[in-house]
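Here's a structure for you.
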Amino acid sequence: MRTVLLTGFEPFDQDTINPSWEAVRLLDGILLSDDVRIVARQLPCAFAEAPARLAGFLDEYKPEMVIAVGLASGRADVSVERVAINLNDARIPDNLGLQPIDTPVVAQGPAAYFSTLPIKAMVRAIQAAGIGASVSHTAGTFVCNQVFYSLQHALAGSGVRSGFIHIPALAQQALETGVPSMALETMVQGLRIALITALNTEHDVLETGGQVS
Amino acid sequence: MRTVLLTGFEPFDQDTINPSWEAVRLLDGILLSDDVRIVARQLPCAFAEAPARLAGFLDEYKPEMVIAVGLASGRADVSVERVAINLNDARIPDNLGLQPIDTPVVAQGPAAYFSTLPIKAMVRAIQAAGIGASVSHTAGTFVCNQVFYSLQHALAGSGVRSGFIHIPALAQQALETGVPSMALETMVQGLRIALITALNTEHDVLETGGQVS
Amino acid sequence: MRTVLLTGFEPFDQDTINPSWEAVRLLDGILLSDDVRIVARQLPCAFAEAPARLAGFLDEYKPEMVIAVGLASGRADVSVERVAINLNDARIPDNLGLQPIDTPVVAQGPAAYFSTLPIKAMVRAIQAAGIGASVSHTAGTFVCNQVFYSLQHALAGSGVRSGFIHIPALAQQALETGVPSMALETMVQGLRIALITALNTEHDVLETGGQVS
Amino acid sequence: MRTVLLTGFEPFDQDTINPSWEAVRLLDGILLSDDVRIVARQLPCAFAEAPARLAGFLDEYKPEMVIAVGLASGRADVSVERVAINLNDARIPDNLGLQPIDTPVVAQGPAAYFSTLPIKAMVRAIQAAGIGASVSHTAGTFVCNQVFYSLQHALAGSGVRSGFIHIPALAQQALETGVPSMALETMVQGLRIALITALNTEHDVLETGGQVS
């Protein structure tokens, strides 16, 4: 049995739930084909702990593909991240009270890593199912980006493909702030399509997903 | 058998589909209870024809409640409109090439009509189902507002409750523009909840849905 | 000497300054022509007091034109309001702790009043000076809209033209929230152009300023 | 006489002016101190020509600091870019009709370069002048990012500091689209402050400018 690892985050800031975990846990144990099973695990929203926890999961499950998922409050669609940068710059403290400013994720690491997933094929497939999706060129500078960078650093050169997907807030999280939201079922469906597409796509499609700025 | 009338629009501008019609036609014929049936009909996106078509439907079906639905490209949630204004001001020509600028919907009509639906109860119920929803204080100045105003004008004093709901673009419409989108299933579910809540709510809840600006 | 009355608001919510007052007070006493002087006055951000304070200013200065100005945090340009609605619905308490929900501004008043200013000529003139401007179809449901409605109600039929303009946040207010901002000098220039244009324009231009939704 | 090089772009897409060039050309020849002069030059909006043109300017003027400026239509403030990525992915053709998709800016180049300017001190100083400013973590994947990456690549290890700033649209460009805009004077003042701050700041301030996503 081959394994695909999917991670979501625990709640952070003032939230009591995190849609990234709510969505990925519904996919835990699902078979994507006869011999591919999804393992969904939770990561802490803490700079000091998230990379080690992730490393533990990589070690334990030896996945053949990894997609980390996080919340991007304010975005309106499933955004498949293209690039992780070697920078922590926290606008708010994490769940352990740490707020690193302008520190590297990995000292002496390269400035950035690109996703090794077929991101455009994924975006196109999610859209084809009637779900909003786009390529994003920034995963921020908080724990999401830290996990994304750590993931790409850990798997660089291994042949195991990996990347990061941001999802919008849930409707209940948007009540106060008025940010765009997405139904949980839609998120789950979008992530499922992303996984299947990534598994079945050897080479990404050559189609624009870029942005003028 | 009592009837609830639901209207959606034909496509306009450069679109080939209109999510408002795609969503409401899926609800056509549905029974909301033993004796309440939804009738869904299409309105033209044309200033010269939409009000008469609407009047015809009101005449034909003698509905006990009416909700007109339209597309609000750029919005991210199901927005339940509060007020229709007596103004046509078209930024683009309608489907018959008409582009009225600063003309009244109804000459000598009042400046505005409020929705007679329990809009906050509706918004709260849609949100409770995990779907983004909000009260909106402008339905624009195009055919959507014209139909909303015409509807409220036609039913003023009749005791038949009526109003307007705007829905976001579909994912396929957002490909070029990057506007927020909503899955069709989510729209349909949101509209169904809106209808049931409106039918079962005598007096609206007193809860803020306002905006500072 | 003829008088044009300009009002701005005191700070509200958690702000210590209100750009609407900062901008209009810089125009206080300015001569727009040989015989037209601007009088700028401050209004409280309080439902129970703002309309009476405004009525006092109208009584005292007998202005030949009135423009009330308020902050619309989140908007990016000078937005000239088209319509005031007969509704208070406060998302947050005002400066006296009052938070009316779904009450009329004026009991038995009409549902809405339109601005009696040449709003499109004003928008066009502000834009021609290189400053972002647009027509807006909602002034919200907080004290801004209450003042706008009260103003139009007080002057209805008097021949004195009046209306409302919303301005964006200042840069210092946008630090935390990331909302769009405008430089104070730009606001002041925009308001000055709006005043002069309104004074010199008998009939508004027929040009679209509408919105599809 | 020491030289600071400032670049702006020629118009692109359907525009007839480009605010980046309109702004920087007003700073051409300005003395920032007794011995520091600004040289402002225009770059073509063309993948095949921009890097060579830039290299020519670096060669000709031997600047001690370089800031490239570009238009980010849709953004509302002066955004100081943090990172350039090794990727061209054009959503639209450039001015020569070229539309590279998923090609590197520099074959075998590193995935990304960080700005070597004191970006947070610059943002703080611009804000202190009442002008909206923020740190941005994506310069897009069009010619702006290509120039930014080429600039950082060319100067890597040289000790010459360099970076990129995006500015909003002008009001006249926002008429059709409704994107946020900024007055030209405000842009020029913001860029001038950015230059002076960068020149006078040895080490950047440690203050958060990050984003959760």
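Letters A, B, C and D name the chains as they come in the text, with residue numbers starting at 1 for each one.
Heads up, the rule we're going with is that contacts are C-beta pairs under 8 Å (C-beta built on N, C-alpha and C of every residue); 3 or more make two chains touch, one makes a residue touch a chain.
If you're wondering where the values come from, they're calculated on a predicted model, not measured in any experiment.
Just to note, of A-B and B-C, the chains joined by more C-beta pairs in contact are B-C.
As for how the two copies chain C and chain D face one another, over half of their interface residue numbers coincide.
In this assembly, the C-alpha centroid of chain A lies 45 Å from the C-alpha centroid of chain C. Centroid to centroid, with C-alpha atoms defining each point, chain A and chain B lie 36 Å apart. Spacing of chain B relative to chain C, judged by their CA centroids, is 30 angstrom.
Contacts with at least two other chains are made by no residue of chain D.
Against chain D, the residues of chain C that register as touching in their complex are 76-77, 127, 129-134, 170-172, 174-175, 178, 180-186. Those residues of chain C that touch chain B in the complex are listed here as 13, 70-75, 82-83, 85, 87-92, 99, 101-102, 110-114, 120, 137-142, 144-145, 166, 204, 206-213.
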